[in-house]
Each structure stands twice: as C-alpha cells, then as structure tokens.
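Here chain A shows up in two complexes: once beside chain B, once beside chain C.
The block that comes next holds the complex of A and B.
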C-alpha cells in the first residue's frame, strides 16, 4: 500500500510531504484510539464527531486574538467541557444502562446543538501560539531551532505521542485492566467486585480526552471553530478501530493496533485520491475498500484464534 | 462458632417463589453441604448471601452483625467469596489476570503484576499443578476454567467461601485435589458452603448438611452426631419418594442398523471414529473428561463443516456438515451447555419449544404459524416432562437449571426421532429430575424404537442406561464394552488405558 502511494504521489518521500501526510491523518488516529477504548469497554461512541466540533467552538469562543493568556483559559475550560461530555455519556451507558448506541446518538445531537448555539457559522478567534499544535513554522517570531525541530517531529505528532503516553499509563492501572474485563463480560466483571458503571464512565472520559487532543489540532490548523467539522469522522473512527482489530463486541483488541487501523484507512483514501478515480466514484470505492479491509481483518483474527485453539489442544 | 446465620429468607422472581422460608447456619472451620433438588433454592440462597440478589424478607447475621449486602463488592470486602455455577471469568484476560481480578494490588501508580502472578501460581499449583497461568481463559477446558474460578475466590483470603457446584465440570483427580485444599482451608478456620449433586462428594467432604426442598430448609444433619446416612439424605431431597433405578431389558435391541459412521475425523481432535448404531439401542460414550467426547457429539449433530468420513443413516449416505442436515435426518442433539448451545434464554418456554419446527423450513410447515395448535403441543410437552414453570410464556432464564434442561429435551419431542444425541444431559441436574429425564428417554427408546447416543461425565449414568459403551482417549475409540462388561472397574481401566504401554502424564 505504501508503495502504491509512493508511486501515485511522486513526492511521497519528500520530508515535507511526509509531514503533510501525517498531519492529515492525526485527527482520525486520535479519534480512533479514543473510540477503541470505548469499544473495548463494551460501549460505542457515536457522538465523538460532534463532541469534536463542540470543543473547537468552545476553544475559539474563549480565545481573543492577540491576547495570548486567553489560550490557557480556553484550554482549561474546554478540558472541563471534555470531562462533562465524557461523564454524561458515561452516566447514560454505565449507570442508566441504556444501550450505548442510543445514548451517544442522543448526546451527539446535544453536542451539535450546543456547538451551533455557540457558533452558527464557522469562525471565531484564536491566539497565535495555538498554531503550535499544527506547525511551529507558522508562528511569528519563533526561534529557528524550534522551527527546525518542528520539521523533524511535526507538532501534530506530539499530540499523538501525548495520546499514546496517556493510554500507556492507563493500561498499566486497574482501570486499564478493568476496561477489558467489563467489555469482555460485564456480568463476570460485576460479580468479581468491579464497579462496572464507573469503568465505563472512565472509558468515556478517556475517549473525551482523545477528542480534546484532536480538537487542539483542528483549531491550530484552521484558527477557527466549526460546528459541522467532526460529523464525518465519527463512523470512520469506528471503522478504523475495527480494521485495527478491535472487536465491536468489546474486550478484544489493542489500542495501538487501532492506530494502525486508522493509518490504513487514511492511506486508502490517499490512494483513491491520487489514483485519478472520478470524484463521483471516490466515496463508493472507499466504502468497498473499508468492507474488504474489515472482512480480511476478521478472517485473520478467526484464523489466528483457530491456530491457537489447535495449539492448546495439541499441548 | 457461628460465622453466618440466615433466618427466614424469602425471595420471589415474578410469579415464581424461589425461597419461601430458608434458614442456614455456617460454623467457623466447618464445611457445610447445601443439598436439594434443582429449583429448590440453593443457588438463590448463595446469591442472596453474597448480595447478587436482594432478599424480600429475612435476616442475615454475619460475624454477629446483621448485614444486607447490596452487591458482591460489599460481601467480598467483608470476606465472603463465592465460586459461581455459571462461571464469572473474563474470557479475554489471562489466567492470572482473572485470578486477581477485582483485587489487584498496586505498586505506586501502576499495577503490581509480579505479586499477582505469584499469587496466582501459588494457588493453582495446589489445585491443578502444571496449569500455565499465562494462558488466555478462552483457551482452557471447562474443568480448568472451574479450577481458575475457584482459585479466584480463594485469592481474596475469604472467611466464608461459597462453592456452588464446583465439581460438575471436574474429573475425579481434580475433585480429589480440590477436596484436599478445602480441608486445608477449613483447618485454617475458613467456613465453607458446598453445593453438589453428587452425593458421595457431600458424604466425603462435609461436616454437616442442610437440605432444601421447594424453597425451604427441610433438614439439618450433623455428620458427627447423626452419622452419614445417604438414604436418609436422598429421602429428604426427594421428599420421601425413593429413587429407584430404572430397570432395563438389555436384550431388546435389534440388528437393524440406523446410523453408521466410518472413519470420522475432525481436525486433530477426533481420529478415525467408527461405529454402527442399532435400532433401539443406547450407545454410551465415556472416558476421561475432555478426550473428544463433546466434540464427537457436536460433529454428529453437524456442527463442524470440515469433518471427513462416511456417514449413513438407514443405509442412505449423508453429509454431516450443517446442523440443518442433521435435523432433517432426525439426528437431534441435546447439548451439555444448555445456556450456550441449547436455549434462547430470554425467550419464553413456548418459543424455545417451537423454534426447531420453524427451523425445518417449508416442508410440512404452514405459511402462517398455527399458534393455538403449537401452544397446545407445548403445554403437553411441559406436562409430560413436568417442567416447573408458571406459564409457558415465562422466559427460560427464570427457570431453574434442571427445568431448563427439560426444555431442551422437550423441544425435540414432537419430532420423529432417528437418533437422539445426549451430550451430558444431566450436568447440573438434581437426582429427581435426572431420574425423570432418563426414565422418559428409556420409555421413548422402547416405545418408538429410537436410538440414542449418550455421553455422560458421570460413569454411573452410563452403567445404568447403556447397552454398549465406547471409551474415548485422545480422540480415538480405544475400547467398546458390551452388556455385562459395562462395570465401573472395566470403564476406569479402559479410560486410564491400564495395561497399555502408553504412559499417562500427571495432571491430564
């Protein structure tokens, strides 16, 4: 696949191109990791996209152009909003025991409504240093050393690294273990003395934090908020998680592999874009490729499961 | 010293009264047996003590305080651990992760996995030496899962340990090592509540027994004072009606072949299975647990698409690659794991009984389902098998284990059966219901001249009901016993391959 892209996009290996490619993939990757955590805990988040839009709207509402300190206020306030979003989804899924699809479908309209209330049309202000989440080079008066550093490790990659570290820490704690237990078998986890509702809420909050990181990227890139920005990303993130081997039934899969799933899905879009397929067919073809990718990853996991079963029978 | 006393516990589920007036006393350092027929309220009682269910009335006194746990977490914090009948393991975690689940120790911010692994290893080494604690739970055999389940309960260092039918999935050697460990725990002062349908186990391990019937305790026997009288216990369980063994005329079989299997292979689990089932015969399948008996039953019911071998039914060759083929040829399976394979738990008794009919397709099936006719048939089935249910519209999951199993058998009754496959049909079914079930099947064999293949983990059932018995070992049939040769000694000898040169590994 990489080869195909390299051929189609002639300057693929140019440093600038790699950075640009990665930048374009980062939001989907972050959303996919968040989504993967929720799915692992036995849930599903259909409100991720609109939550992302809401966060960008809140960020750009608080910030005032030319007043750098408002950027910090915006970060804190939006982080608070992210927690509230996670808690509301968590209450619905964990404590009220409403099917996750229904809860998050409903809340997705709440976030959309809130975002539209703040920002009926795309726009808003942003402080200059927020660009740092997208590209150091575009900030006025940045030191050349930092700019050079940003060319090697794009800032958006730093967001991804923050996300990975976040999950690395969580996966080493009880919460990490319990997310798998609850998603795999809620009742077993409950009788083992695990507060299943709390674990599901924690998963929702974690997801919210990943969405928050994605929102930082978009505001850094666009310098504005948009209530319609995230919609198309929701289901793509779910599909990417499944391509990455996360079982929709919960409890099975690896968040880092979900990251690979998001990469694969992103590259698929790239191929289609550069393969000179008529625009009218592009979405159709990408749909077909998603199905093929998911089917093959399912077939692979089925195969490996059988292989391990055989092994256990033999020993 | 009394550690737990439950007084006048009442509990109802919808219209069904599970417990009407239940009392139970547990002493420190003693093993209390909890006995009773299926549906007599043993499991419900255990679940009320641990807070899985809330009681409607009554009082539980634990360590001198009146307690009412809202959930298993509270009970666990107070030192009450329970081994569940329906396993409470998480399939996607490893053995050691499961054992410490809910009680993980921390080292600063992160989990302390070294301690967890050591704890898990230490306990499993005593219960089942050689078990790899790094394995995922879904890779284990049912017996091993049960051991892990027990290890998990023990790992919390409980003061009161409740074991709800822990031995149903275990084989003899595993039961022995479990008993040894239980005795050790009792000596350390742990009170244990032990439930089992196998009377000899209760006789061997328990210090006293409490017997339940229809949701109330009917007897308490202290073995030290009252002596160990099995007949008396059976009397209390069944309510005075003695269990009489079914008398069977073993010479009634004909020589007409119904079901002939030659060189059946399935991956590397079943190897060259061949047999010829005669009309009106009950063919047993025995041996140690996990030697491929379960897979054989599933293969015969068409559950595996990649089996090889020749199968003939009444002389006609068929391909057993789909369950629907098996059912159309009237090869019907009563699976061992009723909750997983045999029932739609959330659907009513009625739906469960008529599903096979609808599954048969158009042939002989009216376009619009004749509800009234089928309901009548269903009620007859409930009647014939004396299934205990309020109405036939009750969800199957509200029934007790034995009654659920009857529904599985019941759904095949309206059919004209060629071969009935019974895969451990009496697993977790009490003495009375077990007798009903087998009596009914034996009657059907005689009347309708149908053929049965029976796999049972309990050797006694095989001895009592089989005309012929095949012993399996590592996926092969290693011996076939007939008529008078079917005795406990010979079965055990054949199962363990006594006299064969092959060496048996420990822990197998």
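The block that comes next holds the complex of A and C.
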C-alpha cells in the first residue's frame, strides 16, 4: 500500500484532469468494485472480462437502430443474462464448491463462445438514446439544460454513483456482513448457520450487475458490441482490487478502497501513455506493473502478518 | 471356483477404481466418434483418427506442463505455457534460419527462456503465495507484450531447422512423427513418475503438504520446481510448434492454453493435486480434438469450439471436483 500511495503522490498535481479522464477510468472502476465483492466473499472471477463482452454483444443484438423502444427490451434481456451469468458462477463457487479461479476460468470460455456466436466480428447497432450512458450532449435533440448538467456530472459518474449506492445498500443489510463472514472463514460461517452458498451466489450476482453497468457505458460509447472487448480488463480489475487492499484470501478489505485502487492503476496507465512509450511496449509495461503491484501488496501483507504474530508472542 | 471369481471381480473393481476417469475419457472419445460418424459421413476412419491424434499431440504436450504443475498441489495451473512457446518460437526462428547447425543455440535459448519464465512463476506462487492462475495470467500478458514489442520493430524472419520439421510435421508411412515423439515422452514421464522417487515427492507434496513437509520434503521448492519444469517444457514445445508450422507468428501458441487445462481435467488429473496419469491427459487431448473436429464439421467454428470447451470443462469440474455439502 505504501508503494501505491507513493505512486499516487507523484502525480497528485494531475488530479484536476480526473474529471476529464473520468470516462476512460469508469469501466475498470466498476469491474474492480464487482471483483472486490466476489473476492471479499472468498471467490475470484476470471470471467468478468468475457462476461462484459457478452453483455455488449447481447445489448447490440437486441437493439435496432431508430426503434427507441428496443433499447428497453435490450436492457431487460441483458439484465436477465447478467443474472444468469452470476447464478452460474455462483452455483460453481458457492453450491458446488469448485475452486473459484478454475470454475470461472471454465465459464469465461462459455461467455466467450456465446459472445462469438452472436458477434464473430465487432459491430451491431444501438438506439440513439443509449448514448446517454456516455454523453448527454451527443444525443440529437436533447434539452440544453440536460446537456449542461452532463458537462458537470458526466453520465459515467452517474453509473458509478448507482454502483456505489448499490453496494452501500447491500453493505448495510445482513448480506453485506455475511459476505465478509463467509470470505474470512467459510467453515465457521457455515457452522454459525449462514447459508454460505447463497451468500457467495449473491456476491456473484452483484458482480454481474457491476459488469452490466460497465457494459452500458461501453455500448453508449462505441454504439457496438465486441466479443473481445473485455479480455484485458479481467486481470486489471483483479490487480486493482489487490492494490486497493482487498486480500485475495477473502474477507479483508473495503470496496470503496478498491475503487481507489482502480484509480491508482488507471493513473499509472495514464503515466505510461504520457511518457511517450511506444504503443507496442504498453502491454508489456502494464503487465509488469500489474504483477509487481500484486506481488508487493501480497508481500507486504505477509510481512505485516508475521510482524503481528511476533508481537503477540512477545506480549 | 467361487473364490477365483471373487478374486477376479475384486481385481476388476480395483482396476476400475484406479482407472475410472481414464475409462470414462476413453468411452467419451468412442461416443464422439460414433456420434460424428452418424452426423458427418467418413468421420470414423483410420486417416481421420491419425489426423486427430496428430493435431491432439500438441494439446497433449502442453497438457504435460499442466499435469506437473497441478500434481504438485496448491491449486496450481499454468496459463502462460502457450505464450512461453510462442516467444521461444518467435525468438529462435531467426536464430535457426533453416539450418541444423544452429539448432543447439536455439535449444539453449529455449531452455533459458523456459527457465526464466518458470522461475518467476514459481517464486511468485510458491514463496510469495500468490494464486497461480493470477500470476501465470499476468505472466501471459507480459510475454504477449514482449512478443508485440519484438514483432512491432521488424517482421519475424527465419525458418525452423529441418530436424524440427521432420520431428513435428513429417510422417513416416501413415504415422505422423509427432506421434512417436509423444509416445517416447509419455514412456519417459511414466517411468520418472512411477518408478523413481521424483514421482513420490511430486505426488506426495500434492496429496498432503503437511505430511510431505514433516517427512523432510521442501514443499515450496517442489512447487517452484514444478513451475520451472512446466516453463522449460513449454519452451521446448515451442520449438516443435515452429517445426510443425514452418513459420513463427504472433499467437501461434496462445490457443493451446485452454485446451491443455481442459485435457488435464478430462484426463482425470485431480485439480486438488497429488494425482495424474499422463495416458489420461493424452486421451483427454484426443477427446478435445475430436470434439473440435466435430464442431468444425458442423460449421460452428471458433465460437462453437470455445463454447464447447467451456461447457465440457464446467461439467467435468462439477462431476470431478464438485463438493456439495451434505444436508
């Protein structure tokens, strides 16, 4: 975490560009929050990226350009798909207790295959009002008041606020506490009468909803679906959650801090972008940063664990 | 009289218990072929079977990497194998440049790359205790990035040495040479794992790490070594891969990652570690390749392949790994 803060400090003066660049950060932030919830419940979702791609494909498959009402159908159908995705992952992780990484690895290929069925190449169409998820100003015939409002509070920020409210409500309910309990010790949670499988499934469905929000943003921005869109985001979301202090062992961390982790990672990527590193190097550099970030966070928590063990022995 | 039948059935049931998953894999393959023959004509022929085995052998070779890592336990899996193979193929293509004389340099480079990749994976997973899937996925990204950097500056030039082409692409009679390579490797692996102490150490670490630790096995070292073996093997497979394809290109190996894991699971390698029979992995690879052939024959292409692999892996995970709480 210290390293992470140092990175943040170095480009603190760039804070005023946050608002401008917020659109570039939002998908990762949403995915990170969803991922954080799953990790807190003792899981891990390697299928987040391909699920995102699948949602964009389904959205653009249902929508017909120039028929505004199809947008509502698309929203409902994709929301249904999001629930199914969450439930299947939840069954694997929660009810069948297959190691989360491997079961979501398997499902990620199911989503990829399904997305490729719908859209072998990027494309598709979208209704006009869907641009509202990206920029109010780009919709034809929008009222000036709404356009001005969109300049102060971009739609992407509204998506994030929806996500935060969603987690705020859940974290105040019993489910929110149960997620932490199940994540920190599945067995003792089960013995104390918590339906651990149900809790883990709820975490997966929540994650799916966050991915759904990110998919809305992407379709608003690109007006098309792409079966390969989300691939690189999976790992970055996991890394961002870890940088934000979510322990991969589960049960420890804070979803809002994970949000900060996503911001830090986005800033780092921004620096790479500004540092005039050739495009070809960018995957390499961001890959190295991800592995260093995860490894140093983990090494730090191992170290502090040992330190606290030593302290307790001394006293 | 009754005694011998009892003994016989006992032996049979023990045989069945031990090789249950392999028998299931074998039955699945037969079923697929019969199913394919019904839907697509001329699916079940000697030529088709040999072609399937040839295409499956690379999946089986990558499956060996997975088997070693999985058997060492600690929920190990190696997602970087395909990318390690690609980077080796891309780097060694220009070194070999179609000449046998340069093969030994290429092999040295391959060993170096495999060792480096395996060492990083191993240290991060075994000593820093990061989840293997996350580490090797990140490693895969890094390797792909390195390949992108290398190929952005210049075209990939060079050809594999003729020896590699003979080994990986040519056939003797009707049998593809890669089949013999696979058989030799399988025999060596079976010998090392079943007849020497190495196998005991590897399987012992996977079965019960506390017991292994108490009997004086350095568990972390074994797991780290498993990743190094996987990296080196993957790198050497990269040489065979370029021998098979004739040229190196950017994503020649990445499509083998998912099938190699699926092959290990279909072949009955227990994902909790401490188990694994290479014959099963080979059968798993043949099963997946047959499934691919069938889906391609039906015209479902890439989407069908990934969807099919995903569903097969998911269902087998439910059957083999699923661990429902009894009410």
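Keep in mind that, in the parts below, the second predicted complex is superposed on the first by the 258 of 315 C-alpha atoms of A that agree within 3 Å, B and C clash if a C-alpha of one lies under 4 Å from a C-alpha of the other, contacts with A are read in each partner's own complex, and residues count from 1 in each chain.
Here, a residue touches a chain if its C-beta (ideal position, glycine included) is under 8 Å from a C-beta of that chain, and two chains touch if they have at least 3 such contacts.
Since this is a predicted model, take the numbers as computed values, not measurements.
Trainee: Applying the touch criterion given at the start, work out whether A:108 contacts chain B, chain C, both or neither, answering first, second, both or neither.
Mentor: second
Trainee: Report for A:99: first if it touches chain B alone, second if chain C alone, otherwise both or neither.
Mentor: second
Trainee: For A:257, select first, second, both or neither according to whether it touches chain B, chain C, the two together, or no partner.
Mentor: In the superposed model, A:257 contacts neither chain B nor chain C.
Trainee: Comparing chain C with chain B, which touches more residues belonging to chain A?
Mentor: C
Trainee: Of the two partner chains, chain B (first) and chain C (second), which one does A:162 touch, if any: first, second, both, or neither?
Mentor: Neither: A:162 stays clear of chain B and chain C.
Trainee: Under the stated touch criterion, which partner chain does A:190 make contact with: chain B (first), chain C (second), both, or neither?
Mentor: both
Trainee: Given the touch rule stated above, what does A:120 touch, chain B (first), chain C (second), both, or neither?
Mentor: In the superposition, A:120 contacts chain C only.
Trainee: In the superposed arrangement, which partner chain does A:177 touch: chain B (first), chain C (second), both, or neither?
Mentor: first
Trainee: Name the residues of chain A shared by its contacts with chain B and its contacts with chain C.
Mentor: The answer is residues 190 of chain A.
Trainee: Applying the document's contact rule, which stretches of chain A touch chain C when the two form their complex?
Mentor: 44, 46, 92, 95-99, 101-103, 105-117, 120, 190, 197, 232, 234-235, 238-239, 248, 278-288, 290-291, 294-295, 298-299, 302
Trainee: Enumerate the contact residues on chain A facing chain B in the complex.
Mentor: Residues 169, 172-174, 177, 180-181, 183-185, 187-195, 251-252, 308-310, 312-314 of chain A touch chain B in their complex.
Trainee: Taking the touch rule as given, give the residues of chain B at its contact with chain A in the complex, in rising order.
Mentor: 52, 71-73, 76-77, 82, 84, 87-93, 97, 101-104, 106, 109-111, 135-136, 139-140, 152, 267-269
Trainee: Which residues of chain C touch chain A once you look at their complex with the stated criterion?
Mentor: Within the complex, chain C touches chain A at residues 75, 77, 124, 128-131, 133-135, 137-139, 141-142, 144-146, 148-149, 151-153, 258, 261, 271, 301-311, 313-314, 317-318, 321-325.
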